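Structure provided below as structure tokens; questions to follow.
In this document, chain identifiers A, B and C correspond to the written order of the chains, with residue numbering beginning at 1 in each.
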Amino acid sequence: MSEARKEIMGRIREALKTPSPKPHLKGQSSKVTGKAWLPEVGDTHAHTMALLSDNLAKLKASFHPVENLDQAIALVKDLAQKKNWKNIAYHKNELVTPVALAIDGTAWAVDDAFSKDKLEAADVGLTSCVSIVAQFGAILVSSETSGGRGLSILPPVHVVIAKADQVVPDLAACFEQINVQFGGKMPSMLSFITGPSRTGDIERILVLGAHGPKELYLILVR
Amino acid sequence: MSDSKSIFIKEATLTSADGEQRQFIRTALGGYYKNRDIYQARYRDWELARDAASLAKWSAVNNLADVLEKFVAKFESNGGKVHWARDAAEARKIILDLVAKANATAVIKSKCMTTEEIHLNDALEKAGFGVVESDLGEFIQQLRGEAPYHFVFPCMHLKREAISELFTKHLGTAPTDSPEELTMIARRHLRKLYITADVGITGANFLVADTGQISITENEGNARLTAAMPRVHIALSGIEKVINTIDDLTVLLPMLATAGAGQPMTCYNTLYAGPKKPGELDGPEEFHLVLLDNARTQILADPEQRDSLHCIRCGACLNVCPIFKNIGGHAYGTTYQGPIGSVITPHLRGLKDWNHLSGASSLCGACTDACPVRIDLHHHLLQNRRNAAKVVPNLFDRVFHGTFNFVIQRPALFSLGGKVFRKTFGLLKHLPVPYLGTWLKSRDLPAIPQKSFREVWKDSKNV
Amino acid sequence: MATAKVLKKLGQEIEFNSSQTCCGQPSYNSGQWEIAKEGAIRSLEVFKDAEVVVGPSGSCVAMMKKFYPELLHGTKYEAEAKRLSQRTFEFSDFIVSQLKITDVGATLNKRVTYHDGCHALRELRLKEEPRKLLRAVKGLELIETEEAESCCGFGGLFAVKFPMISTAMVQVKAGALARTGADYIVSSDPSCLLQIGGWLSREGKVIRPLHIAELLAMGIDDV
């Protein structure tokens, strides 16, 4: 053990010999239990989906619920044409691959070795996601299952293809799911994406696309 | 008077007289207040959420030894390496050594107040490593050679014209008055730096003990890029950032966003467990976490003020503080501004030289009401004053209050004092009477009554 | 005198113990707690026979109600400080929550705007109490402002130890309240009114400071 570690741990133990008073869950309505103090999550599926849709709209993320994968493909192909997406990067996944290949034959997968420069030149990053949190409109991606770290942050447009059953009501449900899905072996990165990249640093005026993607699309397949 | 105090008085006098700048700051904060109220109202019980957040941090900080060790063990089992720094100098050395070992030619950084605290950039530059701040606000401040104005909104004091001029001067870009265009200029400039940097340095908002992950909150995506593209990722964090379980983030992440920036959730909340895992497609090969004490254990040892270590650095207290709003972030002259800065700086940098920050407050308490983790901020300022009175010699105060107490212990003397004041006020206001002269510089006193309350009361009883 | 007039009208028996001087807050706020303790102990003595103590000042009452027990914690005076705390009230708090009265029978055809003194608002948690009293005054128009809760900048000796900041704060506060076009700025704290009034006068503003007790006294029939 390093000298510094020993010393710091020693100071901590010494400092904590004197206790400090513990705060209580007083608040205004002590009858409220669980996480009921957090924002609404909706008590029906329809309510939850409406909340998700509303949140994504406020965040200026584009939300497209579709009936099946074919509709997803058609939608994304159409977007690609309108927006002139030429250089499409994606990761191999049962939902993502068919969409990527259908847009344009030149779409390339990050599963094959790539250089950072190559990713930097991409117009769009096409990924799946781990889950979607309705409470905030947050999309959870992982370095293990969503194509690594760069794909969902470097290209100026991020398109997410997901299934409707990946929507969970709140963060608590999401963390439970993470524990189940990854067990004790977390991916090296898990990231909640809540809308396109943004900044308010200049006169507190909102600007999208500061460093991360300027446009975010969620295609939700029933 | 300490140097830092006289500098503070000088700076605060200048900035508090700048009405236009103060109005600019108030306008900038107006949008924040509106959004904060909207998103706070969405919580079914904001006060209860504050209790929960407070309890989450209390449980971690008051079991710091066990929680920290648990965190470190789990973090290291994920493949990262932990380094321990007792003070700023040691932290700088560790980071410089790591950067040198990486044969770095370029270093990119995301926003981290702890790196400001240890003056890391300066040390990196002196050692010949080019370091670039990637957060837009920090990037702007770095170009200006100025410290951040606010630890969440680093350049909120600047008008867009100033930023445009700055970019023209340093980046050779055409002038523009569009915040969007200015942001895009920075975006284009920094993109290649993410690709070419060998080392990425970030901070950490939370250290999650049960999973061994660090949690980083941001809006721009620059921290995501800083921790994705370079080969080596170094994170710096104070030891107090621990939380017991990932589940605590269900309340801490949204509250950090709402109290800090008036958002429901910040744009990117990312949990890093380790370097690139086998099978993953990209990511840093090395992940180092530097844990910093730098007097935090001293604050820990003060059970009265220990809760100031619960701070999640949201900046809400700055945003409601009338002192901050009127003197601005730079007048504080130190890394952490506003109420939390005024509480902890005397601990971090010395009571003798910095207690004036705890004195420069009307103790209105707006900060304590705003704090999402219920730190008793304004009472801590008072406690710092009490602590300073015991160890920092202040003859004037001792004499003044000693005399004041002498008088108030004797009602006859108190009445006499009042009478003398009333009768001689006409003369007194022209003399250099301490405090009175200061008051009269900018304010009047009400018409001096003929009789004291006691005398009027007595008269009314005799009617 | 206004405080006494109003309370008398509401049927209270008023005593004024002229041996009282000061609650000791200036020394407390300056960190001179050993000296402040002496002031506190003296106050306990002064008020020991009072059934109820009512103060027309948010800051003084906060000192006695909230800070005396903390200041005297661990001393032999702690229990007495707690007992005094329980029977000490700010003026509007006493009328509304203890006497359960909101209409004191006042009439005043004026426009007023309210300033929440920090001690009353954040230490004593009083917000609605003074407003309930004001809303019951016939003919009175109460104008709220966004700046109602911001600090006036007095802060005791802060006003003269850091005068530039104190002046900047009162400029924002009193400026906003004056812009309502009201006749009076009303508050429950004389120190706030001293600060606000001092600036208004220096700046030649028309709006006048007025203590809530004075306002109510103005509006009721002579007792």
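Operating definition for what follows: contacts are C-beta pairs under 8 Å (C-beta built on N, C-alpha and C of every residue); 3 or more make two chains touch, one makes a residue touch a chain.
From a predicted model like this one, the values you see are computed outputs, not experimental measurements.
> Does the complex stay in one piece without chain B, or which separate groups appear?
A | C
> Relative to the centroid of every protein C-alpha atom displayed, which chain's own C-alpha centroid is closest?
Minimum centroid-to-centroid distance belongs to B.
> What's the chain with its C-alpha centre farthest out from chain B?
The most distant chain relative to chain B turns out to be C.
> Please work out the Cα centroid separation of chain A and chain C, and write it as a whole number of Å.
Chain A and chain C have C-alpha centres separated by 51 Å.
> With centres defined as the mean C-alpha position, give me the chain A-chain B separation in Å.
The answer is 29 Å.
> Based only on mean CA positions, could you tell me how far chain B sits from chain C in angstrom?
One centre to the other, that is 32 Å.
> For the complex, give me every residue of chain B touching chain A.
Interface residues on chain B, with respect to chain A: 28-29, 31-32, 42-52, 54-55, 58, 62-65, 68-69, 78-79, 83-86, 90, 134-137, 140, 153-156, 158-160, 163, 179-180, 182-184, 186-187, 190-192, 194-195, 211-213, 219-222, 224-225, 227-229, 239, 246-247, 249-251, 253-254, 261, 264-277, 279-283, 287, 291, 293, 297-298, 300-301, 303-304, 306-307, 374.
> Which residues of chain A touch chain B in the complex?
Within the complex, chain A contacts chain B at residues 2, 4-5, 7-9, 11-16, 18-20, 22-29, 32, 35-40, 55, 58, 91, 110-111, 116-117, 120, 136-138, 143-144, 147-151, 153-154, 170-172, 175, 178-179, 186-205, 207, 209-213.
> Along chain C, where are the residues that touch chain B in the complex?
My answer: residues 1, 4, 16, 18-22, 24, 26-33, 35, 38-39, 42, 118, 121-123, 149-151, 153-172, 194-195, 197-199, 201-202.
> What part of chain B is in contact with chain C in the complex they form?
Against chain C, chain B makes touches at 9, 12-13, 16-17, 19, 22, 26, 322-323, 325-327, 359-366, 368-369, 382, 384-389, 397-398, 401-402, 404-405, 407-411, 414, 435, 438-439, 441-446, 453-454, 456-458, 460.
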